[in-house]
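Input: structures, listed below.
First chain A sits with chain B, and in the next complex the same chain sits with chain C.
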Partner chain A sequence: MLESTLAALQLLFTPGGALFLFVGVLVGLLFGVMPGLGGTTAIALLMPLTFNMESNHAMMLVGGIMGAVSAGGSIAAILLNTPGTAPNAATCFDGYPLAQQGKAGLAIGAAATASTLGGLIGVVFLIAVIPVMKAIVLLFGPPEFFMLALMGLSAIALSTGGQFLRGLISGALGLMLSFVGYNAVSGGVRFTLGSEYLWDGISLVPALTGLFAISEMIHLSVSGGTIVKEKTTGSVTSVFDGVAAVFRHWKTLLQGSAIGTLIGAVPGLGGTVAAFLAYTAAMQTSKHPETFGKGNIEGVIGPESANNAKDGGALIPTLAFGVPGSAEMAVFLGVLVLHGLDPGPMLLIEHEGVIFSLILALSASCIIATLITLLVARYLVMITLIDVHVLVPAVIAVSFVGVYALKETIGDVVLAGVFGLLGYLMIRFRFPRVTMVIALILGEIAERSFYQSLNMASGDWMIFFTRAPSLILCLLTIGCLVFPTIQAVRRRPRKPAPAE
Partner chain B sequence: MMAAVNKREIGAGLVVLAIGIVFLLWSQIYPPRMSAMPKLVGWVTIVLALIDIAAHFDTTLGRVLRRIAGLEIAGLSSDSEAAVEPSWRRIVIAMLWVVGYVAAIYIFGLLATTPLYIFLYMAVHGRKSMRISALNAVIVTIAIWITFEYLFHYPLYPGLLFGGQ
Partner chain C sequence: MLRVAFATVCVALAISAATPAKAEFPEKNIEFVIPFGTGGGFDRAVRLISPYLEQALGKKVEVIPKNVPGAGGRKGTAQVYRAKPDGYSIVIANVPGIALPGLTGEKIEYDINKFTWLAHVGGSPYIAGVSAKSSIKSLDDLKKLGRPVKCTSTGFGATAYAACQIVAKVVGFPLQMLGGYKGSAAYVLAVARGDGDLALAPVLVMKKFIQAGQIRGIFTTEKTSSVPGVPTIASLGHKNLTGLGVDRYLLGPPGMPAAVTKTLSDALVKAMENPEAAAKAVKTGEAFEPLGHDKAKAAADESLALYLKYKVEISKR
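And then the complex of A and B:
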């Protein structure tokens, strides 16, 4: 292992290795910033170009992209409330309010640092669990997937920023949307209104772009002025205040990184689920949960650390079993196969050097992407000072083009537009958008895993309570549901409510 | 007599109630295995909507529900977004710009529509000068074309009139 690490380190300092890593970081940052694109698109786009490269160089390029996409996505999420990639959506909730308060530098500094440290923690975890990978991944079967999804859905109650009932309603609406399309359990199609486009269900990227980017642009278009309503501080000092905030909230960082790594390692869940769970966990453990959604720096640190840590975790099933943890990993699997590297337990024995090149590239790209982000942050915050009537049409245009580019389907553009209008109405009537997104992501997983579990146990419900991991997740779910209710009942108004 | 706290908020609850009922009725047409979860969600939505509506009436039950549901914390009357109440005319106009742009993309394509949309939005809605509007429209369109079509070979949607599907 040490020999392979040293060889990978040597490669990093050769002109070829360093160049491919740097190109990967720049591409990753660019694709991260552009709404609707992201790591999957970037790797898919560059995959054919790696064909004639040495495997080690290809790993440098791909590792560079993976590590940098998250940092790029957080910039757009904080400055424009437009998640560059789907997992960055959770960063919007507190990153954007901070930008509105003139603290964009603080948020970017914290996001970049949390992202780097989260990525490094994920990589350390990956190296540590390589010997016991198989046992960990095999712990999760359909009952655990169901309980995990149920826990995510019940976490809705915690992620509503005080709007408990309306959060649950948004969650229910999100579940309704998650039922649209082909149903893997029965093989039928539901709620498609006769549209073939909806057979694949509600596409996540157009839905997220609409709910966050388009709706926010409509909101700005109505309100006018600039994004920042107060004096902006994009100074070097405020950026480094963000760096310091991450170390001050080290528990949130570790918690987010642990969630990111674990969720990343579970095939089929991915970075978006990890980021949202990290956000709700940060809120649950915060001393000031009431300030979440209004610009709490912990709401940036939690999801950003999870977002980058998930890459280390997602590599575990990808490398060990050839089971991709996410769409990005599925494309990465293609790169491995293209280079004659068959994923599976033998990969680490036969091509240890290549794997360590990837791990090292992933670590180095996290650091380089953060340094670039920190250096340009003070200039990037100027975006928040631009007149919204200049910004709005440009962001809406780029959002629609990005959404179309993903699958080259005009239906995605229409869907983003519809979700944009829905998102704005949700803003106006104070229905939290975050809960709808969590339900939209987890609804399909919950339903599928539920029926798979019952099939496994010949209809016996006890399967959810007789397996230790499932039982632990079940208890955590009950805790998530009971906690806010107890909190609300115990909360006594200090004075009689005035006549409204 | 029961006094409503906020008619607009009750209206929102009624819309959710209608969605829940329609969804529940819609679920009935599918076989049991396909409709079990949707029916459950439909019923849950209806119950939640009824609680939301009841919580917005100034009764003892309403006050208790508001406290449990967290509606007082949400600050129905003091929320920052609610404090700035734009007219529905402005809201509808802002939404129509998006609807119009999507419809134009569908018919005329991304490349033909984007510069026109940016120019018209800035000049008409944003009341910017013709020169600034035209400059921004050209810069953004060129940046989109270079990034997506030229560098990464993503074809931009040509529009129904020009062969799009």
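And then the complex of A and C:
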């Protein structure tokens, strides 16, 4: 193991290795910043190029991309409320309000640092569990998936931002939207209004781009001015304040990284779910859940750390069984096969060197991407000072092009437009968007795993409580719902009502 | 000045419109549709064949792979079915997958008999596996289980779903399907985890889990077993199930001109027979078994016969 690590390190310092890694990082950052495009697209596009490359160099390139994408995506999420990749959507909720308050530097600093540390924690976790990774992957079945989804959905109660009924209405709408399309369990299509496009349901990337980017641009062009209302500039110190904030909120960082690694290790959930669960967990464990959605730095640190930690986690099922843990990993499997490396249990035994090249590239990429982000952050922040009449057309055009480029389907562009309008109406009539997005993302998993669990148990509901991991997750969910209430009740008598 | 420019454009347009009419196929880029996402076996096969197809066509045009995923492959397939039958849109499809929705009585956007069948790419038989920890050790144990055998798959309409129903009927055991898994590796993992009892998956996928010691192979539908210790289904007395699996074919829209069909089909076979391409395919574990347009449809009909026979079983939800 040590030998392979040293060999991989050596490769990193050869001109070829370093070059491919650096190219990977730049491509990753670029594809991350562009809404719609993400790591999956980048790797898929570069796949033919790796045909004639050495396997180790291909790993440097792919690792570079995977490690850098989320850092790029967070920049767009914070500055423009435009999630660069789907997993960055959770960063919008608190990152963008911070940018509006003129604290974009702080948010970018925190996001970049949380990304790196999260990524490194994910890798450390991966190396630590290599001996027992099969057992970990086998621990989570449909009943556990359902409980995880339920846990995320329960956070809707906390995310309503004071608009309880409106929050529940948007949550219900999100759930309903998540059921559109082909029903994987029993076959047949539902709620597609006769449109072939909707067979695959509401595609996440165009929907999120519409809900966040397009709706915000409509809102901005109506209100005019610039994103930052009061005149402030992103200084170097504010960026480093962001770095410091991550260390101050180390619990949120560790929690986010742990969630990211775990969700990454479980096939079939993916980065977006990881980021949203980390966001809701950060909110549930925070001392100030009421400030979430209004620019709480913990709301940036949680999802961003999860977002990068999931790459290390996603390698676990890929290496243990050849089952991709995330969308990027699915494409990465294709790259491995093209290089004659059979993904699965034999990979780590037969090609240890190649895997360590990837792990090392992943770690190095997290660091390089963050350094680049931190260096350019103060210039990037100036975007928030651009007049909206210039900014809005540019962002809308780039968003639509990105959404179209993803699958070259005009339906995706229409969907982004429709969700843009819906999102604007939600802003206008004060319906929280976060509850809708949580439900939209988790609804499909909740429904599918619920069906599967009942099928497994031949209709016996007790399956959710007789399996230890499922029961623990269930108790945690109840705890998350009840704990804030108990706390609120206990606090009340201590603070006498101010005499007025 | 403007008039001159306009005239030039007109002349240029006239020339470009007139020249290709005399040229032979192909005169523009070919779109090679993969009706699934990136990274899977279909995607791999198309991306592997494409550069060699360009070569076989004399490097006159580019072959552009395009992923059109959706609705279990039906979206991309239907798109090519409706395309102009000029040879510039082709699609990779699997048999029986492409025929299943029609067989199970769903409303379907295409008639598989009307497609222009260009070539056969290769096939993959199944291995049936149970968890290594399971008490089931053989095909007979499945019959003696005393309760329905829980079989995992991606869901109704999927090829493994239909194959499980056929195996259950032929071998004679009650069956309960567990659906909703994303891909073959995921539903085999589900059996290793204990969600269900049995999974039928392509040899390539199942081999890994057997090597990892998570899955015990019960039988294979291969002619000769490629995994030690796993008996062939023929040796267990069910010869008619040999060959049950998934085969990949390349199709064009209905009504392609005979000359174009021949040129394209010959080039596809030539591309797959290219030693370099063939070697790469062997490396991925799925060797090419090229058949031209004259033999492809017949081969597909042969493997579909079994599904037609058990039409009632595979339509069970």
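Here, the second predicted complex is superposed on the first by the 475 of 500 C-alpha atoms of A that agree within 3 Å, B and C clash if a C-alpha of one lies under 4 Å from a C-alpha of the other, contacts with A are read in each partner's own complex, and residues count from 1 in each chain.
Note that a contact is a pair of C-beta atoms (placed from the backbone, for glycine too) under 8 Å apart; a residue touches a chain by one contact, two chains touch by 3 or more.
Not measured: the values here are computed from a predicted model.
Undergrad: So, on chain A, is it clash or fit between chain B and chain C?
TA: fit
Undergrad: Answer with first, second, both or neither: which of chain B and chain C does A:A172 touch in the superposed model?
TA: first
Undergrad: So in the superposed three-chain picture, is A:A468 touching just chain B, just chain C, both, or none of them (first/second/both/neither)?
TA: neither
Undergrad: Considering only touches as defined above, state whether A:D387 meets chain B (first), chain C (second), both or neither.
TA: A:D387 contacts chain B only, not chain C.
Undergrad: Touch test for A:L19: chain B only (first), chain C only (second), both, or neither?
TA: It touches nothing on chain B or chain C.
Undergrad: Could you say whether A:I427 touches chain B, chain C, both of them, or neither, answering first, second, both or neither?
TA: Only chain B; A:I427 stays clear of chain C.
Undergrad: In the overlay, answer first, second, both or neither for which of chain B and chain C A:V413 touches.
TA: A:V413 sits against chain B, while chain C stays out of touch.
Undergrad: Could you look at A:E290 and tell me whether it touches chain B, chain C, both or neither (first, second, both, neither)?
TA: A:E290 contacts chain B only, not chain C.
Undergrad: Which holds for A:L6: it touches chain B only (first), chain C only (second), both, or neither?
TA: In the superposed model, A:L6 contacts neither chain B nor chain C.
Undergrad: Which holds for A:D200: it touches chain B only (first), chain C only (second), both, or neither?
TA: Only chain C; A:D200 stays clear of chain B.
Undergrad: Looking only at chain A, is it chain B or chain C that touches more of its residues?
TA: More residues of chain A are touched by B.
Undergrad: Quote the smallest CA-to-CA distance from chain B to chain C in the superposed model, rounded to whole Å.
TA: Scanning every C-alpha pair, the shortest chain B to chain C distance is 10 Å.
Undergrad: Jot down the residues of chain A that show up as touching in both complexes, chain B in one and chain C in the other.
TA: 185-186, 188, 408, 451
Undergrad: Enumerate the contact residues on chain C facing chain A in the complex.
TA: 37-40, 43-44, 47-48, 66-72, 74-75, 78, 106, 150, 154-157, 176-183, 185-186, 189-190, 192-196, 205, 208-209, 211-212, 214, 280, 283-285, 317
Undergrad: Quick check on the complex: what are the chain A residues that touch chain B?
TA: On the chain A side, the touching residues are 34, 45, 160, 162-166, 168-169, 172-173, 175-176, 179, 183, 185-186, 188, 190-191, 214, 217-218, 221-223, 290, 387, 389-390, 392-394, 396-398, 400-401, 404-405, 408, 410, 413-414, 417, 420-421, 424, 427-431, 447, 450-451, 484-485, 488-489, 491, 493, 497, 499-500.
Undergrad: Show which residues of chain A lie in contact with chain C when the two form their complex.
TA: Touch list, chain A to chain C: 40, 44, 47-48, 134, 137-138, 141-142, 182, 184-189, 196, 199-200, 267-268, 317, 320-324, 330-334, 337-338, 340, 342-346, 407-408, 448-449, 451-452, 455-456, 458.
Undergrad: Quick one: which bits of chain B touch chain A in the complex? Just the residue numbers, please.
TA: 5-6, 8-9, 12, 16, 19-20, 23, 26, 30-31, 33-35, 37-38, 41-42, 44-45, 48-49, 51-52, 55, 58, 63, 65, 67-74, 76-77, 79, 81-82, 84, 86, 90-91, 94-95, 97-99, 101-102, 105-106, 110, 114, 117-118, 121-122, 125-128, 132, 136, 140-141, 144, 147-148, 152, 154-157, 164-165
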